[in-house]
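Below, each structure is written out as structure tokens.
In the two complexes that follow, chain A is the common piece, with chain B as its partner first and chain C second.
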Partner chain A sequence: MKKERKPKLAIWKFSSCDGCQLSLLDCEDELLAVAENIEIANFPEASRLVVKGPYDLSLVEGSITTPHDAERIHQVRRSSKVLVTIGACATAGGIQALRNFKDVREFTSIVYATPSYIETLNKSTPITDHVFVDFELRGCPISKVQLVEVLSAFLNGRKPTTPTYSVCLECKRRGTVCGLVTHGPPCLGPVTQAGCDALCPSYHRGCFGCFGPKETPNTPSLAEYWKGLGMKNLELLHLFRSYNAYAESFRKESEAHEK
Partner chain B sequence: MKSRSIKVDYLARVEGEGGIQIKVQDKVVTDVRFDIFEPPRFFEAFLRGRMFTEAPDITARICGICPIAYQMSSIHAMESACGVSVTGQLRALRRLIYCGEWIESHALHIYMLHAPDFLGYQDVLQMAKDHGDAVKQALKLKKTGNELVALVGGREIHPINVRVGGFYRLPTKQELNALVDRLKWARDAAVDTVRLTATFPFPDFEREYEYVSLRHDNEYPFNEGRLISNKGLNIPISEYENNFAEEHVSYSNALHSVLKGRGAYHVGPLARFNLNFDRLSPVAKEAATAAGLTLPLNNPFKSIVVRSVETVFACEEALRIIQEYEMPEKPFVDVHPKAGVGYGCTEAPRGFLYHRYRLNEKGLIMDAKIIPPTSQNQKTMELDLREFVPPRLNLTQEKLTWQCEQAIRNYDPCISCATHFVRLDIR
Partner chain C sequence: MSTPRMYRIEPDALNELIQSLRQQHYTVIGPTPRGAAIVLDEITSTSQLPIGKTDEQAPAQYRLKERGDDAMFAFSAGPHSWKRYLFPPVLKLFSSRKNGEGFQISEELPSSDHEEKYALLGVRACDLSAIQIQDKVFGGGTYQDPAYVRVRNQAFIIAVNCTRAGGTCFCSSVRTGPRARVGFDLAMSEVLDSEHYFIVEVGTDRGENVISTVTSRAAEDGEVEKAEHLIRAAAQSTGRSLEPDNTREILYQNSDHPRWDTVAARCLSCANCTMVCPTCFCATVEDTTDLAGTSADRIRKWDSCFTLDFSYIHGGSVRPSSKARYRHWITHKLASWVDQFGTIGCVGCGRCITWCPVGIDITEEFRVIRETYLMKRGTNPNKE
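Presenting the complex of A and B:
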């Protein structure tokens, strides 16, 4: 019997911290099994070997911040049957999207002595602003469990089952006492997508939104509630404007407190 | 006139995006560039106007490989600005989480990024076909480091439990004790790793470096100490900017650091080892001696053995801290903001990481400066290649290119880090 060709996986990096692709290497128990079933065809962080495309599955980390990358993402799309973005940078522009609220020229001169050497775009934008994305995996960083789920789903031709409900449901399941009810630290749990297993509340701190907005988040209502408990505009602005600052509902909410 | 060039467009098995360009004319190297094209992310700029308490979480996002280093340097800087010092078990827990990061980061680099060069494989997965047991051991070792970070920090990448003043939640003695057996196994695996890496074929290559690292009165350095070198530097960390300078070059999105008046210097495991050998734990010292490492150690290719020795140390140190651990009453000390400047400098796996912040009286960050290890080593990496290449021009293009890549990987460069720091231009 002819051996079936292993599906080809490629990993691409744009502007990012490398943490999400590191999650794949952090799957210490699964890595060798994954490598038995798929061909890791392009993963420069781990290998010198580059196998030519097209690729069955591409994982894209990072946001688009330079003219060159805005071109490169189209090449990646053309060579990929399925394209999945991994992490807050790729799905929402990442922490570097904080530049989107300022004049980037001012930023380059703060940071670099010779700004003319630096080529950069005004905005850090998610991959989906540039090409069609088949699936978005949230998180800053992504969850390893969800990553393995996505790999296994796409390689078996099914849809991944990653929840779009809020962190609150995970918190309830863990049996963590609700900080909103007990007036604990400010928490974005009610408007943030699940995926981290409600990590922060279980460490006695409020959720700060690593997984971005959940489906249909009511951010104004949550902000109003915290305001009622004495939270200042600047604090609300900072709370909504962090790792998923450019995700639409978080962006609008942070702008509402920019006065 | 015979000219030759060596070019690596996209350097593999490093964190981030960079390349190498070397030009040779009549057996003389005329140009060497370690080219960083990873796009800049402007952390120093957008830290302005954020609260001092946000710095550990924000700066962690500079690097997914060594977020603890960013969290540690930033919290120490904030505490120094606010006149607070964290001592006792909270301080010990900070060393403990750093041990975890050293174990996972060193294991990643030794086995997955660097060993394949010495053994002639493209990557660790190819290597696993012939060295299955070693790779399985490597993954387990790395996992132990990650488990330690996850236990103390909440998760491996961008931990959530570190805050200015301490932690949000304290681990219990029982939770820590659960890791003891695995750490003992890891220590032995790390000793094996020293033995294994010491047998690798090392290119005959040595250079006289100026090594710079932290030095503490009685500990191998993580979070505290003075900056010293083997050529007479001995300063408190607050004097860093008076003694070091950064240069911006056209081909790189990272700045090159130099010691004022002296030029390139070397940070990282080799520097720490040369300057702090006497502070290593007993088993680590013994493993180093058995592997034939002697001071001064000036072959950068042997950094892989030193990383293994440091992994032994990190396991032993973690075991010591867990043994002496008693859960404090409160997970953090209160830190009230104060207008002023604060400095933090800690030993990331790849070398020391310097942070400096100026705060206003409300605790808002007025300006920030972050200098990661990779930018400090950048010039040294280029100088290594300048000397490394000429005697090896008889090698095939393929072989020489690969060896040049390997020479860069000696430094475990983290390019994602290197692009985000940069000079604060006060004009």
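Presenting the complex of A and C:
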């Protein structure tokens, strides 16, 4: 049998914390299998060796926050057959999209000694606002199980199984008792996409919404119900305005409580 | 048997019962307090039961409370139902390995000799009905679910009659409780006044064999009557009701009722109601491959009609709106279930009401639609 060329994988970083791409190194048990089946052609967190493109699969981490990045993402797209974004920054603008609700020039004038050195865009935007994205993998950070699933689906030419329903299904399958009903902390589970295997609720924490809005999220109903229980506008604003602040339904919900 | 065999056992003998079942290689599953709720899990002694604990339930609300006594079963249906054990949330159906150009499927998983032999302790009348409904779904008809049937046939069931109505349940109106009638090996009623004892009714020969291993005596009529009185009082103090007759006409004739829009505005389509429902039986099947493409697993997971994927066919989802999904759920549960399985699919346990994060109440939604139906027929719902 003819030895087939291994697909070339490239990992690209934009505005981000590196946590998502490190999930690949975090794969441990699966890492050898990944390396056996894929040529890691560009992954600065793991190796200085860079193999020239084009690449069969590009994983893009981070959001677009500078004019330079807005250019660079087009080069990445041109050199990639399949482009997959990984994480909340790349798919929704990330925590740095908090700037989108304020005046960035005001921030830079307070934070930096010489603000004129700072060349930055007014908004932090997801990759899909700039180039065509083949697949978006959610999470802050992404789940390594889902990452392996995406890689495995890509290698085997099938669709990845990454459900878009709520975190609640994962909670209930695990048998975790619902914190919302038992007077636990506020939980975004009912409006957040599954994928983390309901990690936080299993440690008696509310869901922080790391995986962004689920399919058909009814954020107004949840917010209205919580208001009825005495939650204040500012609390609601903070709940919806975090890692996925700029994802449409979370953005609209936080703006609805901006007073 | 003609007259039910009734025994009286003391609380200590309940522990003997658990030990006896364990000696017969049963994994005893029962209620146990954990964190903020009474859940179901393996128990090895009565000390793990929720002694002196109770729950207060309301729409979207569950609170664990202390009673200050020794009651072991003074609580209502909790967040878990027995379907976790008979119809597990995640189940690997098989593994397969690439074999030249084809593939080979492994031995059926899980292998039947590794399957758990469960004794379910504390099954309420509503949940007993739910098990009978799932028996029809998985065990009836032409195609049976082998994993369900195997675990179910081995399961030993100890029902507990309710002597207290929960905050959201409505079993007496849908005629499933609070007294266990059929489908148990043993059924217990807890009496706690000047004395603390259990009346045990034997349902099967298997039950008789097990009860004969523990310290017991024949129950006196007065003791049995005391238990029956408590069960009747529980039925009378139920706060909710759902009228189970004519559900098919009521729902089939009201698919355009404006109430569906009202409930859709509240519904989160989060699927919690279907996950906690003891009769909801939907599952999805996911295939996963390894990176090298040499092996693949097929895994079954609990699914819900509240997800978009559930009704996805070529071209899109059949029920894109929450309105369509909620209407489908309640119409299936209360109406088309009758066409499919001969009874409604609701047993009145109230879990969907308690565990809905925004407190949607199936009895209230159905009541509004039923009122419209009665009004159109010229029947005053208040006088009916």
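A few points about this structure:
As a working rule, the second predicted complex is superposed on the first by the 258 of 259 C-alpha atoms of A that agree within 3 Å, B and C clash if a C-alpha of one lies under 4 Å from a C-alpha of the other, contacts with A are read in each partner's own complex, and residues count from 1 in each chain.
Heads up, the rule we're going with is that a contact is a pair of C-beta atoms (placed from the backbone, for glycine too) under 8 Å apart; a residue touches a chain by one contact, two chains touch by 3 or more.
Keep in mind that what you see is a predicted model, and the values were worked out from it rather than measured.
Partners chain B and chain C, brought together by superposition on chain A, fit side by side with no clash.
By the touch criterion defined above, A:180 reaches chain C but does not reach chain B. With both structures placed on the common chain, the touch criterion links A:45 to chain B but leaves chain C unconnected.
By the document's definition of touching, both partners, chain B and chain C, reach A:204. Look at A:90: by the touch rule set out above, it reaches neither chain B nor chain C.
Contacts of A:149 after superposition on the shared chain: chain C is touched, whereas chain B is not. By the document's definition of touching, of the two partners only chain B reaches A:26; chain C does not. By the document's definition of touching, neither partner reaches A:59: not chain B, not chain C.
For the combined arrangement built by superposing the two complexes, chain A sits at the apex of an angle of 110 degrees to chain B and chain C, based on C-alpha centres and given in steps of 10. Ranked by how many residues of chain A each touches, chain B and chain C are led by B. After the two structures are overlaid on chain A, the closest C-alpha atoms of chain B and chain C sit 11 Å apart.
When both complexes are aligned on chain A by C-alpha atoms, chain A residues 204 touch chain B in the first and chain C in the second.
Residues of chain B touching chain A in their complex: 10-17, 38-46, 48, 50-51, 54, 57-58, 61-65, 67, 108, 112-113, 116, 122-126, 128, 135-136, 139-140, 142-143, 146, 154-158, 160-161, 163, 168-169, 246, 248-250, 253, 255, 331, 402, 405, 414, 416, 422-425.
Within the complex, the chain C residues that touch chain A are 34-37, 39, 60-64, 79-80, 84, 89-90, 265-272, 275-276, 286-293, 301-304, 306-309, 320-322, 354-355, 357-359.
Residue ranges on chain A touching chain C, taken from their complex, read 30, 33-34, 36-38, 148-149, 151-153, 155-156, 158, 161, 163-166, 168-169, 172-175, 177-184, 189-191, 204, 214-218, 221-222, 225.
Interface of chain A with chain B (complex): residues 13-23, 25-26, 28-29, 31-32, 35, 40, 43-49, 65-66, 69, 94-96, 98-99, 102, 104, 106-114, 117-118, 120, 140-141, 196, 199-200, 202-205, 208, 210, 238, 242-243.
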